[in-house]
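Going in written order, the chains are labelled A, B, C, D and E, and every chain counts its residues from 1.
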Amino acid sequence: MNNATASNASAHANLAIKAECRNFGFHYGDFQALKDINMPVYDKKVTALIGPSGCGKSTLLRSFNRMHDLYPGNRYQGEIIMQPDNTNLLAQEVDPIEVRMRISMVFQKPNPFPKSIFENVAYSLRVRGMTNKSELEDRVQHSLKGAALWNEVKHRLNDLGANLSGGQQQRLCIARALAADPEIILFDEPTSALDPIATASIEELITELKEKVTILIVTHNMQQAARISDFTAYMYIGELVEFGVTDQVFVKPQKKQTEDYITGRFG
Amino acid sequence: MNNATASNASAHANLAIKAECRNFGFHYGDFQALKDINMPVYDKKVTALIGPSGCGKSTLLRSFNRMHDLYPGNRYQGEIIMQPDNTNLLAQEVDPIEVRMRISMVFQKPNPFPKSIFENVAYSLRVRGMTNKSELEDRVQHSLKGAALWNEVKHRLNDLGANLSGGQQQRLCIARALAADPEIILFDEPTSALDPIATASIEELITELKEKVTILIVTHNMQQAARISDFTAYMYIGELVEFGVTDQVFVKPQKKQTEDYITGRFG
Amino acid sequence: MFTTAAIVYILVKESWIFFEAVPIRRFLFDTQWTPLFDDAHYGIMVLLSGTLTSSAVALLVAIPLGTIIAIYLSEFAPFKVREIAKPFLELLGGVPTIVYGYFALVFLTPLLQKIYPELPGFNLLSAGLIMGVMIIPYVASLSEDAMRAVPMALREGSYAMGATRLQTALRVVMPAATSGIASAYILGISRAVGETMILAVAAGMQPNLTFNPAESGATITSYIVQVALGDLPHGSIGYQTIFAAGLSLLLLTLTFNLLGHWLRKRFREVY
Amino acid sequence: QALVKIDGSSTVFPITEAVAEDFQKAKKGAVRVTVGISGTGGGLKKFCRGETDIANASRPILDKEMADCRAAGIKYIELPIAFDALTVVMNPKNTFLKQITVAELKTMWEPGAQGKVTKWNQVNPAWSDQNLKLYGPGADSGTFDYFTEAVVGKAKSSRGDFTASEDDNVLVQGVSRDVGGLGYFGFAYFFENKDKLKAVPVVNKKGVAVTPSIEAVMDGSYEPLSRPIFIYVSAKSADKPEVKEFVEYYLKHGGKLAKEVKYVPLTDADYKHALDNFSKKKTGTAFGGHSEVGVKVADLLKRDPKE
Amino acid sequence: MMQTQDIQAIRDIIRRAKRWDAFFGVLGILALMVGVLTFMTLFVDMAIQGMGRIDANFFTNFPSRRAEHAGILSAWVGTLLVMLVTGLAAVPLGVAAGVYLEEYAPKNWLTDVIEINITNLAGVPSIVYGLLALGLFVYQFGFGQSILSAGLTLALLILPVVIVATREAIRAIPQIIREGSYACGATTWQTVKDHILPYSSAGILTGVIIGMARAIGETAPIITIGALTFIAFLPPLPFTGVPPAGLLDWLFAPFTVMPIQMFNWTSRPEAAFQTNAAAAGFILVLMTLAMNGTAIWLRYRLRKNITW
């Protein structure tokens, strides 16, 4: 599997790498969920993780912001190197909080805090110690605009986040993630709980966002991956089977297995 | 939408109808989830319900065995007529229990009871007042065979159902549904929580089952619908957009909307 | 944690003095409990029998009724009834026990005597019955929580097979909630064993080695209050008995709780 | 603000409470008095630790408690303040019981009777063969001690199979509902429940059957079941003006108030004598660290107390 | 496939099964009635007995030897103050312990032991707490028979209830909210302070009030630590006590509480005192009713604003 990366990497050698998995592996207690993953994440591009249910997409994604540290018994192997500072995100001496301040995350189910819309977005800033009222307001507005939500909520910033529709909630969560001005944003099936219209608006947003930030997204929906991603990684039972430019992976996959999956022969 | 049915029905007039929705509608409290559905379910065939998330597939499926009666505030409109006795399943005077004895259901997540494998399957029979030990054993064995699970569990019938793997659990639930000797079995995304191998075995099982029983299945996976169903109904926001022979719906949908969905242009 | 340590320390320390004077064999096997009499006997079995008998009566009321109420509220009752009945039941658990005690004595006992004239004015039966009523809310409320925690998917599975409410409740929901229900029972038992004022008022404080609820009897707890309120000189062997009795009580509840913990581990919900 | 702290027997409580109430009113709130109930034993324990000024006691101080006080350097003045007449009661439906002798009571109550004497006619063949059900205060009470001493001859020596309760109302309930019941408790409880119970005349040393009444107790004919009850005043506290005033008030008005709460007062002479003992600070107990039956209060007050 | 007689057979089975259903429905209501009726009888009985005595004077008078003059002023003030101490002591301790166990403590055998311990403490008879408090607070710490000792005793008693309620409330917060917070870069403490505590406050408060409603009726442990019975004055207001005047003098003041007042009255010989006892009992039950009512209302009010 090691060469899955190698074979394709040459094709886009001119791109900057934002992060990179090196011989990365992961264990839930005794269960090895990921094995020997080598994969680049290119700067200001959208990378999609696809694969059948249970193949480890979420596990890989959540390793990038050390979410697994919250639960006992989990163990990382190998490295995830972040650029430009060449930091190993998984290193003992790197504080997971530092990692999470640089890498935001948006979840499958919109999870706004039971607070006002304003406070939801401001939270990432407050955590960073920002208290200045007007600065907060500026940044919140900016993030809500970035998440294409400002016009819909500008008159009701004090409403509860939960009062928004599902799609709006998800955009609120994106605004929250944006507020922190992160280098990478992780999305774990961000539209699977949404209706088609909301889905379309989130997809559009993601394509806009990649101007400013690197994006890693897990999706079950092959069409979605095809529509929005620049690179696609196909995983199967904890291994990275194929990685490449999206168009290439979808049109001319190098592995039979990938082809079977993409054409719907199983899964 | 009314003519969605009509247009296709002529093509398979020689088939027996097992059940039929007539101007069927459904309300969750004030929210109308289904509107004016007219659709046949053909005897000993597999009918697939597809459509984007939230379009009302599960709602429609669960109307067939009056599952909505369990929660307050739900309301049916129109009729679902079951053949050969021409009973309106939704009629006030028809006991939902009677309906459920005729129409079994398999859920999205396998939900075996916290009992032994044997008792899980025997449950449907005990509910029907069967107490004779050897008769029970016969029927349980028969159902487990029907669900292609007998060989794997025959030596551990007293084990807890929860100790089986996900795919086995789902087959256990199918055995449980089969034991009741139902006329229709409803499947609500039966494989969405399973891995590809388990999924394949369930799909195979469904194709075998239609020899004996009518099947109505909700699925998110277009490929799955294409592989196993004889008829496909495409729904969108509470309405039935298109109904027809599966091959036809997939290859030459009559509505632009259906085509968009199937080719992955949205959803 | 610290509290337990402190409780155990104080009880053991004081009981030590007691057991230095009274061999443990006499404590366990004597059939009379007359520590304050001239002719002193220290048979804890006597108090234990009272404790167990009254608890048994209480549990015979509380467990079936509590369970039925729990099933009814979680599986049968319309939403409104449940929302009103549950807090109301919780009130039953909030009534000061001394109030219950007098209620048993001046209301229930005469009532029972009409049915069963032989019944003495103080008896474990009426105290136990009222105690049972007092415990109902604990059993019902906790069991109901456990049953409601059973995922709807399981219930739907059962209904989809054509089961009625009762079948679903008894054959699917109850087994799935076993561990929660077991802990509700255990808590009920602990409450019964530890209840003080009801028994002190209505059961008759007569140390009596009997398992017949229609007699009067003394329990460990009622003995402790009795002595704590009494004219006994502190530091005497008679006074020390309350710590020995307290220790026995603690061991008893501890046993039940460990049993409960084991049961919970054993029947961990597998939905 | 001056505070007088009192704790101890529940038997003495009603009188002390009444005195405390009136005393505080008389002093217009300048002095505060608190009264607790933790039993004679509990009260004396606190007293001998120096935590309270006065202990209410329904029995004399015992050896062990004397030692405690001595160890803590607490000297005390023993003051009888009223009588508690133990009343033997029966159910009003009981027709055969006209009077009872101490010997008969002993037959009923002695330890040997346990499980054996269960019918009235086993005590006196003239009585009916009804079941005999006994009711009495708990074994930890001073009343129980006194009754056993007076009847059986030895304190705390009793059968165990009777219904015991700390709360005398509970005993009232018991006997009033039980046709074959017999019980004993303080006079006040009988007096308040005259409609539900009947007092049994007890035959005294002179052979006369005496029905308990305030007069009979005061003239000494109701014996041996009447006993004096006490307060113990700490000598150190007695130096404090508020305590001194309170005790003087107690001994001056206690008789009237005792009667009001249905206890039997001492004679005026006895109160005077007690007041005299108090002002002379006669510390110690007139008993030798154990209780006695049938002593006259006048004699007690004359004795030379020991510590 | 489905013959009419089959349907008939099914209908028979259903009818039989449904008869049991109906039977159980009635049984459930009856069982509920046993509880409800007992409470009603008890409550009405007490109300009828005690009502006559309840007037303004009953609340503003001190205890007295004359039943008709006796009131519960010192008792209800004492109860209120003791409850205040109980709440102030039990809430921070219980909540801290609950939060620690849920959010910080590693899940190992030690937490297991602590867990057993807490459930076990909930089952320890209250009288045993009384014995403990007597030794610990009254003598060891020298707090004497004061409001402070009583409050702390009851706080110990309800601590398990508060801890369990806190943990339940915290567990009800979906993991996804927690992950959302951590994903924003929050520390554990920030997560607790900004999310866990605010969102679980309704549940915690409910637990605290239910615990306090239980504590308010406790007699046995307060008796063992030696609460007073007759006390005809109130604890000093802050800064008004005779020197040295201080803010917290009342903590060390002697006191009595409602259940003890009631207990004392029930054991008096005069019938009039029984009426007083019923009146006091009635008010005590009303107090617990009010507390439970508040808990229910709070649960309802605060939960409305929190949806996941």
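One rule holds in what follows: a contact is a pair of C-beta atoms (placed from the backbone, for glycine too) under 8 Å apart; a residue touches a chain by one contact, two chains touch by 3 or more.
What you are looking at is a predicted structure, and each value in this text was computed from that prediction instead of being measured.
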| item | value |
| --- | --- |
| Each chain counted as touching chain B and chain D at once | C, E |
| Chain closest to the middle [Cα centroid of all protein chains] | E |
| Of all other chains, the one whose Cα centre sits farthest from chain C | A |
| Contact-richer chain pair [D-E vs C-E] | C-E |
| Geometric centre distance via CA averages, chain D-chain A, whole Å | 84 |
| Rounded Å distance between chain C and chain E, as computed from the means of their C-alpha atoms | 18 |
| Chain A and chain E, separation of their C-alpha mean positions in angstrom | 47 |
| Rounded Å distance, chain B centre to chain E centre (Cα mean) | 50 |
| Shared-contact residues (touching 2 or more other chains) in chain E | 14, 17-18, 266 |
| Shared interface positions of chain A, touching two or more other chains | none |
| Touching two or more other chains - residues of chain C | 164, 167, 225, 228-229 |
| Pairs of chains found to touch, sorted by chain label | A-B, A-E, B-C, B-E, C-D, C-E, D-E |
| In the complex, chain A residues that touch chain B | 52-54, 192-196, 199-200, 221-223, 226, 263-267 |
| Residues of chain B defined as touching chain E within the complex | 84-85, 95, 97-98, 101-102, 127-129, 183 |
| For the chain E and chain A complex, residues of the former touching the latter | 106-107, 174, 176-187, 190, 194-195, 198-199, 305-308 |
| Interface residues, chain B side, partner chain C - complex | 65, 67, 70, 72, 97-98, 100-101, 104-105, 107, 109, 111-115, 123-124, 126-128, 160, 162, 173, 176-177, 180 |
| Complex interface listing, chain E residues touching chain B | 1-2, 4, 7, 10-11, 13-14, 16-18 |
